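Letters A, B, C and D name the chains as they come in the text, with residue numbers starting at 1 for each one.
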Amino acid sequence: MSMADTIPHRKLTHECAMKMLNAGIRKANDMGVPQCIHIVDDGGHLLAFIRMDGGKFLSTDSSLKKALTAASNRVPTGDVPPDVDVKLAIATEGKLVNLFGGLPIIVDECLVGAIGVGSGTGEQDLEVARAALAVVEGAKQW
Amino acid sequence: MSMADTIPHRKLTHECAMKMLNAGIRKANDMGVPQCIHIVDDGGHLLAFIRMDGGKFLSTDSSLKKALTAASNRVPTGDVPPDVDVKLAIATEGKLVNLFGGLPIIVDECLVGAIGVGSGTGEQDLEVARAALAVVEGAKQW
Amino acid sequence: MSMADTIPHRKLTHECAMKMLNAGIRKANDMGVPQCIHIVDDGGHLLAFIRMDGGKFLSTDSSLKKALTAASNRVPTGDVPPDVDVKLAIATEGKLVNLFGGLPIIVDECLVGAIGVGSGTGEQDLEVARAALAVVEGAKQW
Amino acid sequence: MSMADTIPHRKLTHECAMKMLNAGIRKANDMGVPQCIHIVDDGGHLLAFIRMDGGKFLSTDSSLKKALTAASNRVPTGDVPPDVDVKLAIATEGKLVNLFGGLPIIVDECLVGAIGVGSGTGEQDLEVARAALAVVEGAKQW
């Protein structure tokens, strides 16, 4: 194996993704706010998804964009400077969104994916995302 | 029948959708303002549509978006906070629109669809949407 | 409640959708074939999804199309006559697919959604879909 | 008015489009086959639509394409030579479809629109399209 040509990486398992969905659902149930929850890999490809009973169907779009944005930027969503956020949204054909509720999943300084939550207020979405991220062993918490 | 795996719901009939189109057309004729009228189901799928003689063809797009937005948010359209409306519009690929003229169709606390009207002013659009909603037995009026 | 304007229907719960994902994952693990599993509602909107470790990422597209096709046609996928299947695929912008692995979810003669599975052979995909459908109480089995 | 620069044309009214929807619904009810019915103008823009209770949602796509194809080709759909139909479908980004169920609406040798019907067999779709076209005064019948 060449150390020069490839570098170590990690991947989120589907078991972990299911565990995250379950944790997010529990938190959303506790809050009484149905949610859409997307989990993507480090390239933004969909790993897992759940739309809870009564979740807004248009939030399926926005929670995905939050996950994509968190995976790409590697920081929680919602803090893109307002002078560029709409420009970046348009330039990425709507994939970058500047709303709360997206968190990167970083384990041992390695980005393995992201979670995006939508259908509540930005604060509620973020709270559910945090609860889901909390069950990932060794993941950086925000 | 399993209560655990499925829950009761209701569907809007096509007869009711036709009745709504007719009521909307009558109102628009009374006002002298031709309209585009979309009726969607609870998932935002098109159930019925009419573009009246002289209706603006681009309003075919906006009246659909009003119906989608009302069905997803479950409240009349036009009151999304201005600090997030464009972000949400982009994140939903243009499906969420923050204009007057969309109303959810809620019967017995069950969302069964939504109506979106466009081609007049926002106030005219809303007036036609209300007239169409008024003919749905038991529907919540706004 | 108006019987004239709305008719009774049922919805699949997210708990049931999660149960189906878990059953599908178990079956796929037993078979040693990682899968992509989509569960949609009766209008074809995504309810739940999992891509298993090692699942083909392009199968994310095909398993979704299988679910859409099963939900729309209300029969298992793969038996569209060969003289029209490509025409229908094009006419539906790729949404109708004539491959094995999609099953409608019908409870008490009410279509509540569909499951689509992809990443194995058609026979393997169908076997996983059947295992997931088997856990839905009262659902028609195929 | 310049005879050289513009030529007389006719437009289908929305009242006629509603009359056609009603006639199509009646016929489909008689046959016991729920349908999706699109009526477009001479440029292929949507004038009117109904999806009947139990109509396949993917047929919303195919019935629209039948209406577009009939409006563009000005003959009933389904008779494009098999050696070019898929090529034309791809070249038109899926808008041209070679399936039965689309009829042009021609009054006094003037194309004013088209109807497309889908959700049954090709023969059933065509029968409903014919019943809807039959109520248009002076329209060429097929």
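Definition applied: a contact is a pair of C-beta atoms (placed from the backbone, for glycine too) under 8 Å apart; a residue touches a chain by one contact, two chains touch by 3 or more.
On a predicted model such as this, the values are computed, not experimentally measured, just so you know.
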Query raised in the report: Using the average of all C-alpha atoms in each chain as its centre, how far is it in Å between subunit B and subunit C?
Result: 29
Query raised in the report: Using CA atom averages as chain centres, what separation in Å is found between subunit B and subunit D?
Result: 25
Report summary line: Distance in whole angstrom between the CA centres of subunit A and subunit B is 31
Query raised in the report: Taking each chain's centre as the mean of its CA atoms, how far is subunit A from subunit D in angstrom?
Result: 44
Requested in this report: Two or more other chains in contact with one residue: find those residues in subunit B.
Outcome: 7, 11, 13, 43-45
Query - Arrangement of touching chains [line / ring / star / complete / other] - result: other
Report summary line: Chains touch one another in the pairs A-B, A-C, B-C, B-D, C-D
Query raised in the report: Any idea which subunit B residues touch subunit C in the complex?
Result: 1-2, 4-13, 15-16, 19, 41, 43-45, 107-108, 110, 112, 136-139
Query raised in the report: Which subunit C residues qualify as touching subunit D in the complex?
Result: 7, 43-44, 68-69, 71-74, 84, 86-88, 90-93, 95-96
Report summary line: Note: in the complex, subunit D contacts subunit C through residues 53, 56-59, 61-62, 65-66, 85-86, 89-90, 94, 97-99
Query raised in the report: Which part of subunit B faces subunit D closely enough to touch in the complex?
Result: 11, 13-14, 17-18, 21-22, 25, 45-53, 55, 57, 60
